[in-house]
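So, here's a batch of structures to check.
In the two assemblies presented below, chain A is common to both, partnered first by chain B and then by chain C.
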Partner chain A sequence: MIGLDVGSTTAKAAYPEGKFRIVESRNWRELTDGIAPCDIVSTGYFRKSVPHKLAITEITAAAFGAREYFPDAEVIVDIGGQDTKVIDLRNNTFLLNDKCSAGTGAFLEFTAKYLGIQVSELGDLHMRAKKAAQLNSTCGVFAISEMISRMVEGASVEDVVAGMHYSFARRVAKLIPEADRIVLIGGTVKNRGLTAALEEVAGKRFLIPPAPQTVNALGALRYSEERP
Partner chain B sequence: MILTSMSTVGITALVPPELIFACGHMPLDVNNHVPSSAEHPVSKLCAWTATWREMLLQKRLQVDSLVVVAGGDCHNALADGQRVALGGIPAHFFFYPFDGDTDYMEAQMQRLVLHLGGEVDKAKFREVGLAKELGMRLEQMRIEGRISGADAFRILISFSDLCGDIPAFMEQLVPEKRHEEAKFRVGLIGVPPIYKDFHEVAESFGMHIAYDELPYEFLRLGGNSMAELAKSYAGYTFARSLGYRLDFLERELARRRVDGVIHYTQFACHHLLEDDVLRRRLDYPVLTVQGDMPGSTPEQVKLRLEAFSEMLGRAP
Partner chain C sequence: MSNQANKVKFLTYPERIRSRLERTGEIVFIDGQHVTPSQIWQFMTEEAPKRFPYAYDTKTYNIVRLSDDVDFVSGIKYNYIELTWRDRMLAARSKGIPLILNEGGGQTRDPYYAAGAIPLRPGAVSTWVREMEDGLDLHQIDLRNTAIMESGRKLITIEACNQIGAHAAISDGVVDVDMLAPFLCLRCSDVAYLVEKHRSSQRSYPLQLIDYPINNQVNKEWAVEYFASNLKRLIASILNITSAGMTEDGLKEEIKLHNKMRRLALDIHELWWSANIPPTNSTDFNNIRIFGNDPCGVSAISAISILEETKQEVHERIKNSIKGAGLTDDPVRLFACGSCVSPNPTVVDRAGGVVVGKDDWLSGLYIEVKENGNPYGNLAKANLSISYEQPIEVRALWTVEQIKKSKADGMIFMHQWGCNYQSAVSRMVADIVKEKAGIPTLVIEVDELDKAEALEQSQNRVESFIEMLR
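And now, the complex of A and B:
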């Protein structure tokens, strides 16, 4: 049995021997070579579009996956490509933000593309910023306009990137309930500039698993083991 | 303007249909035409009101007069109703009392009767009452899980205007689908979803909708005299204080033994601001979903419904 998470940007697989693989979503078949559909538990936006024995939502997968690393986690914040999910494990509730790209990975990609850099560079640029540019807009499109204004005024790319991360963090922090043990997952969490901004805005340290983007694939696998 | 001959009277939210029938006219709930509409209003906040506004202005929905429920319920209707009026359709504005004052309610009802022509055939009160008694029996079957939530909703939502024809409507009060056993019972609160298949989608994820908050108001309010109607409709929970509504909700949700609550909110609707209060007060798992344009239930809402069903399955 494998856990297969086919999201809007990347596809991730968790294998029983403890290995993970990540490919672009359109290449998800590479992850299931030689594996029968009856041995796949899928999750992610395309969970029902890929062969599977069982399909579960990312919310349930996240709950099962995060528990592997942090058994006493209280809240999970999953910052995905198209949405941000906040799951409160204490009372079994969740919130999703997907009406607007401003608090999602899509916003980071949008920004990187405008600046002519890779998304993977955003974290390092943030760390080199001297003074984060002030961006007030909560709308992703308006935030780009503000970034242009700040650069016209003389702000560096580093300062603008840091300002964008703080803007992003303020939006996500509003969704997070008061808790001590908050786990951050999703590919976006690899951006250390963003996590630093989020910790500063929220005023607390977050728990980050070693491979945050594969937690949901692992959760799908664990779900199948617990509920065969 | 005072209506004289038999007319089609559009209503934008709950207006006592007893009065419209009693004055010799046919009520038509303009909202019932929204979920299947293909309108794309240029200027909009709430798609419910903007859609019926455009349908009326473009004559894709024909009414002789429009009764706009402007006080205590839908605030966007006040603006969109006036735009319809400015477009040449006679409009009457109807206000509910926030404090439940029955004298105020009766005065509003008398004003409405004057707009509708002033002649009241009280036999119609009883006719509508009989239809509602039959509806209550069907609602009890839904509570007992003998008919599906989708079927019950289809019937209940039509009690706002009884499809403009009481005898014909009563003949339609027959459940269509056999109810299949659901894993969970949920209450659906807030304004009705703008999606035409919301109940069916919820059922596909194993959730039986055992309560539709607003449509149940259409059914439970009524009376056989002006005084009885005023007393009953003054208790219309959506127009009253949040505390009053929450007390009512708690009783209904307990009576219907729900496992969870879905709070449907509409983009740009002031009721969205009540979400935090409802979530804090109601002692159930609560899923909040927000809709915008009419049509089929979109994938992001389906994801939430599926995840909510999974979550109810994990509940201790």
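And now, the complex of A and C:
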């Protein structure tokens, strides 16, 4: 059995021997080569579009996956490519931010593309910023236009990237309930500039698993083991 | 379980059902048209699949699909009534029966039928629009609805909810009605925008605003009298179109029949709720709830027969432990709240849930209009008592009662983007339900009204909620 998480940007697989693989979503078949549909538990936005024995939502997968690393987790914040999900495990509730790309991985990709850099560079650029540029946190499109304005005014790329991370963080922090054990997951969490901004805005430290991008794939696998 | 996304599968009714359907009664419409079960079978198995393939598309995200419980014979009749909507409205109109747009909640349908008219909800207008062109698939239907909706938005505002599509269809002449009669209660905060759509229309329709005294006025004599005078005026305006007459006794008779319809639909609910195994799927249960409120042009006597057949069939299913098709074993029971939009029933069923009730339609079934005395005053008092139209705390406490009766495991309050009133009250209703009924709640804003395909993100929330409750 494998856990397969096919999201809007990347596809991730968790294999029983403890291995993980990540490819672009369109190449998800590479992850299931030689594996029968009856041995796949899928999750992610495309969970029903790929072969599977069982398909579960990312919210359930996140709960099962995060508990593997932090059994006493209270809240999970999953910053994905298409939306951000905040799951409160204490009372079985969740919130999603999906009406605007602000606060999602897509916004980071859009920014990186505009600046002509790789998404993976955003974190380092943030760390080199002297003064974060001021950007709104309500609209992804307006934020890009404000980035242009700040750069015309003389702000550096580093300052604009940091400003964008704070803008992102303000958007996401509003969704997070008061809790002590908050776990951050999703590919975006690998961006240390973003997590630093989020911790500063939220005023608390977060728990980050070693492989935040594959937590949902692992959760799908664990779900199949616990509820065969 | 492999990927079937690109292959369309269509619903078919197996021949073995035919004799069972043919043992049921015919349907009689208010224009005098009779349809035999054999004609229903012929339509549903031969004509409709060609004319309305989208309705037979079994894709889970298809909001306008037919119930796939082919063994539930009553369900076939509800599906027939839905798919013949446009044909029947055109036929009725050609016989001089007025069609009245009756938006806004806060009302029963008895007065319209007593006056010889057919009331149309905005949702019914959308059904009419869907049925205008034969042979369209699901995607084409979705595009058509969106195009009409956008025409309304261009002319009036992008801030109104999707019901502006139904109004655009009327004002642009795609659908023709005889009068607009919105009820000015709080349920629909977009009524002002929607009425405005007709002010700027090239076509002119008689407009009658029905002023509904809001904020719990039911025990105030002035409010009952005032509202009764509004209802009297509404009936007079309808009779003016037809030049027909209507006696108070005629109105009383119609009230009696509609009371019976509502009671029967409520009996079916109580029967359904009492069962250990849900006897119908969510789609069929929704259809019963709606039909009990609004007979959709079927004569009240015939509607009562259909509901009696339904009750008998539900009873038989419970006795024989038959589960609604498409349901999982021991599904999570969801109670739905909010106007105009609901969780897609097929998505709920496939995800391991079942919809056990919906507050707006269910509140309509509890209406018992007094049958003796002044019928206008009785209608006014009954309509002012509708639980769904009461102050939010009262509405929420009534919802708690229904949640307990229906043994719901969770509540979803769904509201359409642009619906200012339902979005404003959703949190309060959810919080009271959570506290008093002790069940988890979920509030979702969607943009699905009048669309044919549900959106992934809203359905993802519904599925997640069911998974959490399981």
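Quick note on the criterion: the second predicted complex is superposed on the first by the 227 of 228 C-alpha atoms of A that agree within 3 Å, B and C clash if a C-alpha of one lies under 4 Å from a C-alpha of the other, contacts with A are read in each partner's own complex, and residues count from 1 in each chain.
What we mean here is this: a residue touches a chain if its C-beta (ideal position, glycine included) is under 8 Å from a C-beta of that chain, and two chains touch if they have at least 3 such contacts.
Bear in mind that the values here come from a model prediction, so they are computed numbers and not experimental data.
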{"item": "Superposition on chain A - do chain B and chain C clash or fit", "value": "clash"}
{"item": "Touched partner set for A:N92, first chain B, second chain C, both or neither", "value": "both"}
{"item": "Which superposed partner A:P37 touches (first chain B, second chain C, both, neither)", "value": "second"}
{"item": "Partner, of chain C and chain B, that touches more residues belonging to chain A", "value": "C"}
{"item": "Partner chain(s) touched by A:K53 [first = chain B, second = chain C, both, neither]", "value": "second"}
{"item": "Single chain C stretch clashing with chain B - from 2-10, 110-118 or 128-136", "value": "110-118"}
{"item": "On chain A, positions contacted by chain B and by chain C", "value": "45, 56-60, 83, 91-94, 96, 98"}
{"item": "Complex contact set, residues of chain A against chain B", "value": "45, 56-60, 63, 83, 91-96, 98-99"}
{"item": "Complex contact set, residues of chain A against chain C", "value": "37-38, 45, 48-53, 56-60, 83, 91-94, 96, 98"}
{"item": "Residues on chain B engaged by chain A in the complex (per definition of touch)", "value": "285-288, 290, 299-300, 303-304, 306-307, 310-311, 314-315"}
{"item": "Complex contact set, residues of chain C against chain A", "value": "1-3, 5, 440, 442, 456-457, 460-461, 463-464, 467-469"}
